[in-house]
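Structures follow.
In what follows, chain A forms one complex with chain B and a second complex with chain C.
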Partner chain A sequence: MKNTFIMKRAAWMLLIAAALVFGGPRAYAAIDGITGPTFNLTARAGYISTSEGGSYLMWGYADGAGLMQYPGPTLIVNQGDLVTVNLSNQLTVPVSIVFPGQSGVTAVGGTTGLLTSEAPAAGGTVTYSFTAAQPGTYTYYSGTRPELQIEMGLMGALIVRPTVNPATRAYGHSDSQFDHEYLFLLSEMDPDIHDQVAAGNMNPMDTTTYFPVYWFINGRTAPDTMGMAHDPLLPHQPYNIVPFMHPGEKVLLRMIGGGRDLHPFHTHGNHHKVIARDGRMLSSGVGADLAEMAFTTTVVPGSTADAIFTWTGEKLGWDMYGYTNATHPAYCSASGNPTAAYPADKLSQLPTDRCKPFPVTLPDQTDITNGQFYSGSPFLGSMGYIPPGEGGYNPNSGFLYMWHSHAEKEITNFDIFPGGMLTMLFIEAPGVTLMEP
Partner chain B sequence: MKASRLLSLIGLQLIAIVLISFSLSEGAIQVQCPGDTDGDGLWTGTEVQPPNTQCIHLAAGDGFVTMADGHLQYTFGFSDITGVLPEDVMRTGMLAAEFPGPSIKVKEGANVYLTLTNVGMIMRPDLFDPHSVHFHGFPNAAPIFDGEPMSSISINMGSSLTYYYTTPDPGTYMYHCHVEATEHMQMGMLANLWVTPLQDGATVGGCASQKYVFNDGDGSTCYDVDFPIQLSGFDSNFHDLHIAVQPLPFALMKDNYPMINGRGYPDTINPGPLPAPVIDGETGAVSQKVSSMISATAGQKVLLRVSSLATVDFYTLSVLGIPMRVVGRDAKILRSSSGQNLSYTTTSVTLGGGESYEVILDTAGVAPGTYFLYTTDLNNLSNSGEDFGGMMTEIDIL
Partner chain C sequence: MNMIMRTRNSILQSVLLSLIFIIGLSSVSWGAEFWLRAETLTKTMPDTTDVTMWGFAQCTDATYLTCSPATVPGPRLTVPVGDTVLTINLRNNLTGPFVEPVSVVIPGQMIVPTPVRNPDGRVRSFTNEAPPDNTTTVIYTWNNIKPGTYLYESGTHPAVQVQMGLYGAVTRDAAAGQAYGPTTAYNTEAVLLFSEIDPVLHDAVATNNYGPGKAVTSTMNYEPKYFLINGDPYSSAAGDIPAGLPGQNVLLRFLSAGLRHRVPAINGLRMSVVAEDGSPYLYPKDQYSLLLPPGKTMDAIIMAAPGGRFPVYDRRLGLKNNDLPSGGMLRYLNVGGVILPTGSVVINSGAATTNSLDLTLTLSANAPVNAITGMQFSWDNITWLGWVAYDTTANITMPAGPDGTRTIYAQFRDSAGNVSATYMDTILLDRVLPTGSVVINNGAATTSSLAVSLTLSAADSANAVTNMQFSLDNITWLGWVAYAMTANITMPAGPDGTRTIYVQFRDAAGNVSLTYSDSIQYVTSLFTGSVLINSGAAATNVRPVVLTYSATSTAGAVTQRRQSWNNGATWSGWAAYTTTASSSIPVGADGVKTVSVQYRDSAGNVSATYTDSILLDRVLPTGSVMINSGAASTANRNVTLTFSATDAATSVTNMRWSWTNAAWGPWVAYTTPGSAVITGGAGTKTIRVQYRDAAGNVSTTYTDAILFQP
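And now, the complex of A and B:
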């Protein structure tokens, strides 16, 4: 069957249009969220959309009077902040929040629950406070009937920025330096549970027969993961996930297991270096010296991992810009070596790869199937011939890489391939303005 | 599967062969291999192999394999057709899919020209799927040779695409088709792939075998014998519905045949290829060639190149009676940034799809006998309904 990646919505075109209109250089890409130290969250119900057209009842944390959202707002605070979270409850059941990895969390008001104080149903409130002592990536979720309420969507991310270089480092140390940062909050869903809750059948609810058929990054299934953030067509799923970078830049992945299953998350393109787990650098005392290189990282429920990804294209054995003596004699000498005029912004490519010819002849157009993210050329920043109706989702002819769950069952949306826990990394040619969708 | 249905499919095969032959005559099957002039991917006669160059020719198509309980499974897969002349490629590659695919072993720094020819899925003539090779874990990959079809190209039936790699980093990788990955990987387009280090052949740290997992500089990853151990699972319902030309159950996918190198126990310990599958009385191509029988003499260091390409489950592997020293993960040596050795001894490793471990079993002082490598997710010690099987193999210490 033909691999047609049908976009149910014109989200991609909107994204590209928005980027062309609003795109501009920024020092770094910050993660979408709300900043503290005081947050007013409201637990509410609402319906999310899945990419193949499904619609499911969820419970989630809203920002104040805003809409229920899945996942809850990403709470961004600074190291040392006294964080206050005022939770009010518009659901018909009690609800609460726990903050794994934070010490000395106090709760004021509400009623006593098993794990923490709870905001009673239908208008109850409770206030949590803690000092965000350590920088890092954390999660928060309901501590009330969590086997049901986390599945229903009551979870989110908490980011504590370090005192030192908060905008460009995850942990203050230079080993956690990044140019761009992205959240990868992974979760999954069994629609039967949501249908049962929607029908009012909550007691008892057998969650042990759990069998997920949807998989999410930041609350969206692919291809919606790659739509624009705050898309009005996805009012309850404001967060997207489309990482962008230039060669040689560093991308910080803040990965969180937000559901109940393990997910092997694979970065095409290169290894990533896991520098921290659960909000602590992998360190014997000197930076992230115990960091682990991985091409696939298991993201564990309730746990977080931070990784640095970079890509230079080194040792490809050919010039990734397609420069040779034949095509660019100013850049490449007759002996196949780079000249002093070789473009300065493309020097992140190793000297041994520069000016080396592409090693093979690609098949004729009639013999290949073009991907919708293929530029028509093997070279970074070059556009080649693509037959009408093919390609088209790579306007700057970047190098694109799928980042996805390598449990390949999880890149589907309820029997529809492709979808689920999948997005594309854009590596754009030097000088190309990165989109910030 | 009904015999009449199979016969009708075979009739369609003949039509497909005729159709594909037309594209063949257009010369779309082409092996690109420096120094090779007759297009078979080998250097023979007056052909000269350039230094440091390796050529591989894989066919991608369909075939059949036999599960350890005798259940026949329809598969997609790769077969090694290196050395086959272009005019013989289609008839050699068709219905010859192997599971796992041919193991690829390359030297660090080699110029590898891997040609993939799509020979079509003859048992599913209604399909026109392209195929690809994804060199999983390849450092600093370029999309054009990454095999991920959305961001590059994939090859149509009756045609060839040559991938090029410089294999800069040693370690245990894997390769698989990335086209419609959930389907093609569940259907069996999976294989072992590893890169041996430049340090091989030199004596470092008193390593008599002169074989190492990585360029360790101190001989700490020295081994005597190595074995690929690739984990995967089949959902027989998915495969049965596939050959019956039914909608595929992605959401309900649930593996019931956990395997090592494409076999369940006790087939894992068969040292040779499994007998060719028999389809409606016709003998097919030998399709399960990778044994998981591990044997060594006491005192040897046994390297297990463990990888997982399971599309559904995580698996935990354990060795009973011999400590497992993990020296690498995802094709990287376990070292701190200051060079401290972070290898560790354990009794199990846990892998999701797309993860790999290099594990050394030091058999010094281990009594000769039979030891077991098996999953401790005990429900996976089965071949569907048949117990005492599944993801297990034996280690013979002589």
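And now, the complex of A and C:
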């Protein structure tokens, strides 16, 4: 356990290092994945790690000759692509892929299964083809003994980028405009099933007693969710999830139910607007006019939901940059109102909050305990005094909000809190380069 | 099916669809008044597990004389478009060791509730109940039936009764071919009712092990093992769900009567989700799956469906039949394809075993459009016995052969010649009788109580021993009860004596064992008694004797006695008890004679046998006498007599003598020698002696003479 802890520390330090080293603002943050329209996936076995030190046998889809990964590679295609997925099976059981929400999927080769054609065990192949007719967030998973194989890890995300503004819109329409997009592929695990499979006890197997004790975002449990992507310490779990944004920007959450349980995904900081489900905008005909505001969205197994999150500091009631007439007379008038000189890159903060003084007196440093994310200042982008050895995980003095499953049980790792389906949203000051850890 | 046939079917289907709608449930109901009856039934799961369920049967009218078999889900109730009043008449014919009142509610339809409360005030039923008497008819009326898709289900003890299967679909359309209005117009509809089975509850109800103080006290530990769409888990025998023709709009009515969230998902199709809980959405949602919580209904329309078979399944992965994969909540929507008949075959109403080669089959077959016309059977799935006209029951005789599991295979054929998949059922043929034993009071010899405990043991080679029955006389049997290792029974009242209990065992196949028995002495009174012959004399030489009786009983006065001179082979009649009575040794040779006596007290109890014996001896003793050792003469008046006597059966006990012919001296104890004094003057003197034995026999007279010469 001690080694594990050191590894976690190391991962964090890498994250910080990446933040300091890599520069250059990006127009948008793309979701990690592989692009098509032709994919070669291989079903393999491998072991994943959980944050408290567990190690479990998984089956997953690998990218070609790569390692088994959990979840499978995020397949990114463009609207209208003729998508071809060549599945090769290195497992000891038949395996397949279904593409819910896609029409006209054809399968060539393989053997007949209940939901689709299957690649036979130990080297079998099958090829699936379909036209990605409509943009959106989708999922794929095994259609063979799904109650076992999905649990074992044979699932992933499929993103179809729209013809119009593919880099900045989920569905082509402006209602789906985003600055950054993040994948939230939610799943859970009952380790008993994995232990049984590892022991070769698959027939019969009673999966009706399913009782998960691990919860994942993009295949990782917290705090590994916040480690860097493609961490060599997590070779089978390449995807992380640490959303970053500047105030006023729009973050697209592509939420997918990857397991079999419902997960209430909760955003601290602000509501999010659910604009689409199952790859279709919630619409009466034009745009996402039927979008719903929610602070918790039920992520349904096998289904997808897209939401736009934004954050401006609205209703804080004080200037989040700490600008007042006393400290910044050029920005704030003596009457406490913003002047025309108020910095243009901070105008996403609502006028009603600009130049409003911080409403409380901060306690003395000797009276508080500092969290690792505390910059020493309550103001966005400002660093204050913190004692040596304190803080340090928030080098750009951002604001952080926890995003997590609102079923609090699900933010644990096999009874250890915190963990599970949890990550932190970083809101960085305008002008700060956002990390792509 | 060839193209001509398909075209004809398509035309027929279209015509029919303009009038009625293809449904996925077991039967169709028309009219706004329905007669339902709750019944117990058995469903066989694909892994051959039998599950006891409660379902609704539909009857034709208030007489309840003509009813279709009960089903789970219950019959789909279709309220005609023009009707706004729905009346459901309910009877309750639940059978089994655990039954309850039932009722019907329709969540989402308005009715004034009339809750039924337990004595402690807790609501037991949301509405009036029909008691399980198969007689009382309870009438429920909904006056303003809203259009839409709804569940009807029992409103009584729903935690148990809905799980047990008392649910079904009830629908009403806003207009012909319109679920809620013009925006929800459809050509074809299908019902997809999701539910679950946790066999623990069903087994507990079936065996009366559910309830306070019993093995299963609540449904809290719900853990479903079977996952049903329209009452059946998926198996290779499950038929497609017909979903109209290509290009049509297909209304899917999703309902959940289970206790877990389900996520019906369809591969290859998208649905326009148009309503939930019978309320239409202002704008539909375009989805390929939907969240279906327990008790909810949702409606979705597949717009302009393409042709083909499309799997619809639970994405919460209720896809197992217990621990076997490739089952559960999976069916195929069939748009425009040939839909084969589906059916089922059940041997002897689902019995697991039989002891007879003669079986009764219950058959059920459906085809979406065509009538079912034929069926055929096979005992090996190779050789078929030939097509016969379809019927819902059939009698068939198994081929001879050894006992064991027998399987019947059935196929069904519709009027278009489409042959169904092969359906099967199995039954265990067992003609071996069970064997067993019974022991009363752990083998005790006697009991003072009529209530005794029995220790039973029975075994059967092929089946479980299920029942036993008792008899107290081997004539009248007390009725079959469940087999148990112990039993308590009360023996018939009456006087003390031997009681015998007879038992027979029966196995699951109905084989009845031979009769086994055990006996015990019933003893409530304690006699003390005796009998003496001639006051205990050892011997007698005459048959008349006097018997002296003596007896007491703890249970009452001794009132009668009887005796036997042949060790109980024959008895005298019962005679009043007296302390003495004359009797007579039966005619016969001499020897030891024994009298046996029994006493009876005022309670009727008969004592043990008491005896006494006496020697009957009528043989005379023999002997001799000598005076002075046989001397010829004597001068002395005092002489010595030498006596000698023997007796065959007893001993010589007495003797007497005389010097005259006239008078005998007294009987004296036999002894030798003796002395005597000669009386009178000189001359020849003769002594006469007689001997007597213990039985009183007196010998003839023996003499000796001597010359007296003083």
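Quick notes on this one:
The rule is short, and it goes like this: the second predicted complex is superposed on the first by the 417 of 437 C-alpha atoms of A that agree within 3 Å, B and C clash if a C-alpha of one lies under 4 Å from a C-alpha of the other, contacts with A are read in each partner's own complex, and residues count from 1 in each chain.
Methods note: a contact is a pair of C-beta atoms (placed from the backbone, for glycine too) under 8 Å apart; a residue touches a chain by one contact, two chains touch by 3 or more.
Predicted, not measured: the structure shown is a model, and the values here were computed from it.
When both complexes are superposed on chain A, chain B and chain C fit side by side without a clash. When the two structures are aligned on the shared chain, A:Met402 is found in touch with chain B, with no touch to chain C. By the touch criterion stated above, A:Asn370 is placed in contact with chain B alone, chain C being left untouched.
When the two structures are aligned on the shared chain, A:His230 is found in touch with neither chain B nor chain C. Of the two partners chain B and chain C, more chain A residues are in touch with B.
In the superposition on chain A, contact of A:Ser284 is made with both chain B and chain C.
In the superposition on chain A, A:Thr298 makes contact with both chain B and chain C. Shared-chain residue A:Leu262: touches chain B and chain C both. Aligning both complexes on chain A leaves chain B and chain C separated at their closest CA atoms by 5 Å. Shared contact residues on chain A (touching chain B in one structure, chain C in the other): 262, 284, 290, 298. Of all the residues in chain C, the ones that touch chain A in their complex are 223-225, 261, 263, 265, 267-270, 282-283, 285-289, 291, 306, 311, 313, 315-320, 322-326, 328, 330.
Of all residues in chain A, only 1-3, 5, 175, 213, 262-264, 266, 268-271, 284, 286-296, 298, 311-318, 320, 359-364, 366-374, 378, 394, 399-402, 406-409, 411-412, 414-418, 424 touch chain B in the complex they form. Across the interface of their complex, chain A is touched by residues 28, 32, 111, 113, 127-130, 136-137, 139-144, 146, 148-156, 158-164, 166, 168, 179-183, 185-186, 247-251, 253, 310-314, 329-332, 334, 336-338, 340, 342, 350-355 of chain B.
Within the complex formed with chain C, the residues of chain A that make contact are 98-105, 114-116, 143, 145-148, 150-151, 204-209, 257, 260-262, 277-280, 282-284, 290, 298, 300-303.
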